[in-house]
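Next, two complexes with chain A in common: one pairs it with chain B, the other with chain C.
Entry: the complex of A and B
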């Protein structure tokens, strides 16, 4: 009996240990994605629904929106991209800029017509995301692009693009982002 | 030997207990595997629902008190524009992007059971090619194309559907021209007791 009880306790301890191990190694589904695909400007990255290439990056202290100049006390980071939808329509809902201090910024909404629009399979979109960060915050920043939100997406990968910003002063003069465009590719 | 091991808890009794333990362990593993498999299947089915019914041409199906039928599948580089948009656009047609075509899908919906409230008839219409790529309605051009006044299976906002009176639901897609002949219509139905995925083949 003692032997059986000991064996049972060992079995229970083993099972609890297994559960603890699985809990430790399982990803935290509240902070998707778990893995990042690291890229640089000009490289194309592919995740579940999207293929994205950052084609150019500029910084500026002022931008033009609907013929009005908007000036920042920080820096505007202007990211031009080309994106393909691979399987399902993509609306680019999960795009952020991450600074070296791990602060994250959403694209500014004033230039929504410049942002890549809803893109469907067989089409390619060109567009621009504009972020505003504190002065000095652009240095070493990355663009983060994640897959479209779905019911179960905790295990997805995301694209992390090194924007190659070295902290140089922003370009003088106001930039004027172009409207986004879409064309058929295949 | 036989007497001692059988009635006094000797080696055979210990052996039986061991076998019982192993059977219990095996049963636990089988149970855990079965639950895991069932959960995985449920998740996969939720993410990638399989087609419940396939209809060809204008075949009709009745599900939970509502009848559905594909009654229109029109496509082209240009489709006729809505009359109230003609002057605004100074054109008789709505045009697709170069290399693309517009696809207008018309679904005829009819309440056949008075017990089914019309405001619970939800449908999500997409088109899909044989490679599994899917397209959503294109709102940038879709609302300008002449056709049914509503894209909702609950009916037009100002005109509640009546039992026995069919009404049309229209949706416009923009797809690459070379996949137009390959696409089929998918309709995800919800709002009733169950969820259904219909595949409607225009040809």
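Entry: the complex of A and C
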């Protein structure tokens, strides 16, 4: 009886130890593994749900929001895109800018009306994602676009667009982002 | 080995009471160095308005504060402490929000940790980007029927640190002890609205 209990306790301790070890060594699942399709500005890339083209990229020290000029202590990166929804509705939830230091930035929500909206299959949206990065952080940055999140998320492809930014000083004056628009895919 | 024995020999002959005294002196020194037996401060070190406060993943500046009320005329009062801060997130990925309870306002007996968007701020309260210093306006709503009379002319903003909290399901950050307290003048700006 004692031997059975001892064996059971050892098994339990072993299982708990294994769980602790897996917790320590498991990768960060916030960032699912991706196989990246590398693109440049003007090239169209296709992943599961969408075909995306970055049409232009600008940097600016200030932008207007609600008729107010907002100046950054860093730099705004303004990325214009055109995206076709192919199979399912697309809400562009997984869009980030990655710097050379591998820091990741999400689009600023102050300009949410400029961002590509929820787009149904068969439609195309034009919009602008605006990122704010530290001064000097824009040089060599990439735009990352991933498929829509699903119940089980794992290995998948993503689009990685070289924004072609060389660290030139940002454009003077305040840019005014346009609202997004949607039309039937031609 | 021989040298050690030579040193240890005379020490070994010391009376036990001296050993006890020596251990007590060392322990008292350690306790003193760690802050003594006084209760731990619940406000952290005092920091002047505008000075940098460094935590595990933030650089913060608490710049100024005022009592405001944005409620429309004839509506119920909706007082709040408006705090102007500058934030810089030192992590590596844009963070959605400030941790609840990381900032705490103490005003006339009320302790407020909940924040809301200030109407005047064009900045979103969502999205804290790595390495970008941003000026923001935060509002801490007060209980309107519990405002002290007379109104205090100062407010205290407490900044708490965070530590990583890792579990099987979710990796997160947990708010911990106070690292800094900023004592600010607090003008009554309600009449100016």
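Rule of thumb we're sticking to: the second predicted complex is superposed on the first by the 153 of 186 C-alpha atoms of A that agree within 3 Å, B and C clash if a C-alpha of one lies under 4 Å from a C-alpha of the other, contacts with A are read in each partner's own complex, and residues count from 1 in each chain.
Operating definition for what follows: a contact is a pair of C-beta atoms (placed from the backbone, for glycine too) under 8 Å apart; a residue touches a chain by one contact, two chains touch by 3 or more.
Note that this is a predicted model, so its numbers are computed, not measured.
Chemist: Quick check on the superposition: with chain A as the shared anchor, is it clash or fit for chain B versus chain C?
Modeler: Taken together on chain A, chain C would fit alongside chain B, as the superposition shows.
Chemist: Thinking of the overlay built on chain A, is A:89 touched by chain B (first), by chain C (second), by both, or by neither?
Modeler: Only chain B; A:89 stays clear of chain C.
Chemist: Scan A:65 for contacts with chain B and chain C and give back first, second, both or neither.
Modeler: Second partner only.
Chemist: Which partner does A:23 reach: the first (chain B), the second (chain C), both, or neither?
Modeler: second
Chemist: Which holds for A:4: it touches chain B only (first), chain C only (second), both, or neither?
Modeler: first
Chemist: Considering only touches as defined above, state whether A:38 meets chain B (first), chain C (second), both or neither.
Modeler: Neither partner.
Chemist: Let me test your reading of the model: by the given contact rule, A:179 touches which partner, first (chain B), second (chain C), both or neither?
Modeler: Neither partner.
Chemist: Please state the minimum Cα-Cα separation between chain B and chain C in the superposed model, rounded to the nearest whole Å.
Modeler: Least C-alpha distance after superposition: 21 Å.
Chemist: Can you give me the overlap between the chain B contact set and the chain C contact set on chain A?
Modeler: Of chain A, no residue contacts chain B in one complex and chain C in the other.
Chemist: Using the touch rule from the top, collect the residues of chain C that touch chain A in their complex.
Modeler: 92-94, 122-124, 126-127, 129-134, 166-168, 171
Chemist: Name, in rising order, each residue of chain B that touches chain A in their complex.
Modeler: 17, 21, 25, 43, 46-47, 97-100, 132-136, 138, 140, 174-179
Chemist: Spell out the part of chain A that touches chain B in their complex, as residue ranges.
Modeler: 4, 7, 11, 86-89, 117-118, 120-123, 150-152, 182-186
Chemist: Give every residue of chain A touching chain C within the complex, in rising order.
Modeler: The touching residues are 19, 23, 28, 30, 65-66, 68, 70, 72-74, 96, 102-106, 108-110, 131-134, 137.
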